[in-house]
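Down below are the structures I want you to see.
In what follows, chain A forms one complex with chain B and a second complex with chain C.
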Partner chain A sequence: MNATLSFWAESLPSLISGMVVSLEVTAAALAIGVPLGLVAALLVQSTVRPLRWVTLAVVEIGRGAPALILLQLAYYGLPYSGLQLSSMGSAIAALSWTTCAYTSEIIRAGLQAVPRGQSEAAMTLGLSRLDALRFVIVPQGMRVAAPALLGFAILMLQASSLCFAIALPELLSKAQLIGTMTFRYMEILLLAALLYAAICIPATLLVAAIERRLGKHAA
Partner chain B sequence: MERTGEARLIVEVKGLGKSFGAHKVLDGVDFSMRAGEVVAVIGPSGSGKSTLLRCLNQLEQHDEGLIQICGIGMQAGLPVPRKDMNDLRRSAGMVFQSFNLFPHMTVLRNISLPQERVLGRSRAQADERSRALLERVGLAGKADQYPARCSGGQQQRIAIARALALDPRIMLFDEPTSALDPEIGLEVLAVMQELAEAGMSMIVVTHEMHFAETVSDRVILMAEGRILEEGPSAEVMRRPKTARAQQFLHAVLNR
Partner chain C sequence: MTPENALLIAGGIWWTIIVTLGAFGLGAALGVPICAMHVSRSRALHVVAVVLIVILRSVPPIVWIFILYFGIGSGWLSIGPVPAAIVALGVITAANMAEIYRGALKSIHPGQWDASHALGLSTWSEFRDVMAPQIFRVTLPSATTYLIGLLKDSAIASTIGVMEITYLAGFLASKQFGASLQIFAFAGALYILISLPLAAVARIADARLRMKVAQ
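Moving on, here comes the complex of A and B:
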């Protein structure tokens, strides 16, 4: 027991630095992917057909292809087309795509949950289509989508562990590395799992609290 | 405001028709009203009353006929130019059965935001006007509340204030009290009566027979997408000519 604890204490700084990378790549993927998801959610409802089709293709590929394949495509595949990304760059690009694709569906459902009377009221008050979206529909739709989006963010942190396949020094890669050097896989992977849980469990509780708060002004 | 025969027409509808699929909801509707008039539209459910109102402000596009409202002409089948549409929305205020306040904004923001975005008023100007209107509908204390904290009757009065804030030339009411308890409905009707007395042009789709008879200048009775009877309120309500109108009025007045 003592041996394990001292091994954990020894390894912790390395795992923490991996965790920071995990959080960074997740934050970047969300910061880029969620706004793109909102744009995609609006564009799939566009009346301009080519725009709708292109958006639909982006969303369906992003949802249909496993994140691991997108990661490997970005890291090992893109250099063949002349674009060489670092492992961090590839990870952010691929996970942003996945995020955009999944969140666009979450956001679209949120927007559609806004009652029709809201856009009719906006229309009869003379608000432009853009103003109606900006001030009336999107804020309410995002509120509906918020709990699912936050839940998705937690899944995304876990999915960031896939980046170990493209040599990104995130939490799982670090644990794996220590494992290969010490052969104490069981203990180090357990510690890595505990670190993921230490973030994901409080985050889940936070999401529930936010959900209750957002429900307060609902009609 | 003048109510003489000389007053110009604020609404003129000729041969208005509207179908949803194979179902003809409006069929050859003709009517007109002068500025300052208050017209009540009554009739059984499904008679096309609400659709008529929704065609007037183009929430529904009509299939046949011509609509003129506040000097804007709209011929069926022809797209309405953006400028005309903006003018229409600015000129005609709409009040819905379900209030449709924006739940994520305070009462004050509900009334001020459209003024800022549509009329270009500053925040201070808009808020000043909003507070004056809230005072007028008896809800000065509610400015900083969210709509969910207001009763149905209060929400509907706020919705009326929100529409009035844009200085409309005509107000369209789509069953404004139908979602309210009869007693709560009275506070909304009182605001509407005050508005009528101030000379606002109003079209009110309603099941409130007392309001139709006492407040409106004229009643239009619809059934099956057509206007069955039309005339001074007391005349239509007390001495209907057609058998269908007699049947409807007998049913609602002797409840």
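Moving on, here comes the complex of A and C:
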């Protein structure tokens, strides 16, 4: 037990630095992916057919293909089409795509939950279509979507562990590296699991609390 | 994409399906006792179930797979890559299925319990003839959504050497660098192709079950 604790204390700084990378990738993927998801949610309802189809394809591929495949596609595949990305760059590109695809569905559901009367009222007030979206529909829709988006953010942090496969030095890669050097896999992997849980459990409880609060106001 | 490459990658479909269905079967079965513990009157059992569910869901699937395969596999008990992947994904599925079952239980009108008591049904008959069919119907859509998600999660098994779609795609890409874009695109398309009939069957089954209730 003591041996484990001192091993953990020794490895903790390395794992923490990996965790910072995990959080960075997650934050970047969300910062790029969620706004794109909003755009995709709006474009999927567009009346221009080609635009709708292209958006639908982007969303369905992003949701339908495993994130692990998208990561490898970006890292190993893109260089041969002339776009060389670092492992960080490919990780952000692939996870942003996944984020965009999933959040567009969450946001679309949020937008659809806004009562029809709201857009009719905006029209009656003479707001342009864009202003109606910007000031009336999107703010309300995003409010409805907020808990699900936060829940998705937690899943994305977990998905960032897949970047292990493209040699990004994130939390799991660091743990695995220490494991191969010391052959103390069980201990180091358990510590990595604890670190993931240390972020994800409080975050999950927080999201549940926010959901309850928003639900109270909605009712 | 040469036909040989396509065939080789498609050969991984079997392991992808075995891992997915194996984990789903394990999870669907283990989810029942976890759900039962969660709704149990015993405070201790309830707490154990909640803690179990939270822990299983708060650690990424790939970490669970590594713990089983490298962690337990290196010291305690030798475990092959396929069982490791099935068990790891299976216990995570169990936690999620328990929550899905619990949602279904909640959706059953309390009057149904009262009515089956009033009819003097035995506990077993009450469960089998009254509750189970309703739970099944309510569970079906979310369970299918989860199954499709699990299909994609099964790609993680490639990291410990299960020769499924993603593993074979990575293997080919490492031999034919120039073709890696097409290889991974093809592998991604395979997952989408497998999930399409799953989603269709679920939609049809759901519609039929609804019709039955509507009559």
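Keep in mind that, in the parts below, the second predicted complex is superposed on the first by the 211 of 219 C-alpha atoms of A that agree within 3 Å, B and C clash if a C-alpha of one lies under 4 Å from a C-alpha of the other, contacts with A are read in each partner's own complex, and residues count from 1 in each chain.
One rule holds for everything that comes next: contacts are C-beta pairs under 8 Å (C-beta built on N, C-alpha and C of every residue); 3 or more make two chains touch, one makes a residue touch a chain.
What you see is a predicted model; the values in this text were computed from it and never measured.
**Q** After the chain A overlay, clash or fit between chain B and chain C?
**A** Partners fit side by side after overlay.
**Q** On the A-aligned overlay, A:Ser81 touches which partner chain: chain B = first, chain C = second, or both, or neither?
**A** Only chain C; A:Ser81 stays clear of chain B.
**Q** Quick one: classify A:Leu206 as touching chain B (first), chain C (second), both or neither.
**A** Neither partner.
**Q** Thinking of the overlay built on chain A, is A:Val20 touched by chain B (first), by chain C (second), by both, or by neither?
**A** Neither partner.
**Q** State whether A:Gln158 touches chain B only (first), chain C only (second), both chains, or neither.
**A** second
**Q** As a test of reading the superposition: which chain, chain B or chain C, is in touch with more residues of chain A?
**A** Touched residues of chain A are more numerous for C.
**Q** Touch check for A:Arg143: first (chain B), second (chain C), both, or neither?
**A** It touches chain B, and chain C stays clear.
**Q** For A:Gln72, using the defined touch cut-off, is the partner it touches chain B, chain C, both, or neither? Pick first, second, both or neither.
**A** second
**Q** Students often get this wrong, so check: with C-alpha centres, what angle lies at chain A between chain B and chain C, to the nearest 10 degrees?
**A** 100
**Q** In Å, how small is the closest CA gap from chain B to chain C once the two complexes are overlaid?
**A** Checking C-alpha atoms only, chain B sits 26 Å from chain C at its nearest point.
**Q** Determine where on chain A the residues touched by chain B overlap those touched by chain C, and list them.
**A** none
**Q** State the interface residues of chain C toward chain A in the complex, per the touch definition above.
**A** My answer: residues 54-55, 57-64, 66-67, 70-72, 74-75, 152-153, 155-156, 158-159, 166, 169-170, 173, 177-185, 187-189, 191-192, 195.
**Q** Show which residues of chain A lie in contact with chain B when the two form their complex.
**A** Touch list, chain A to chain B: 115, 117-118, 120-121, 123-128, 131, 135-136, 139-140, 143, 216-219.
**Q** Can you name the residues of chain A that touch chain C in the complex?
**A** By the definition above, chain A touches chain C via 60-61, 64-70, 72-73, 76-78, 80-81, 158-159, 161-162, 164-165, 172, 175-176, 179, 183, 185-186, 189-190, 192-193, 196-197, 200-201, 204.
**Q** Going by the contact rule at the top, pick out the chain B residues touching chain A in the complex.
**A** Against chain A, chain B makes touches at 57, 59, 86, 89-90, 92-94, 96, 98, 100-104, 113-114, 117-118, 146-148, 159, 162-163, 166.
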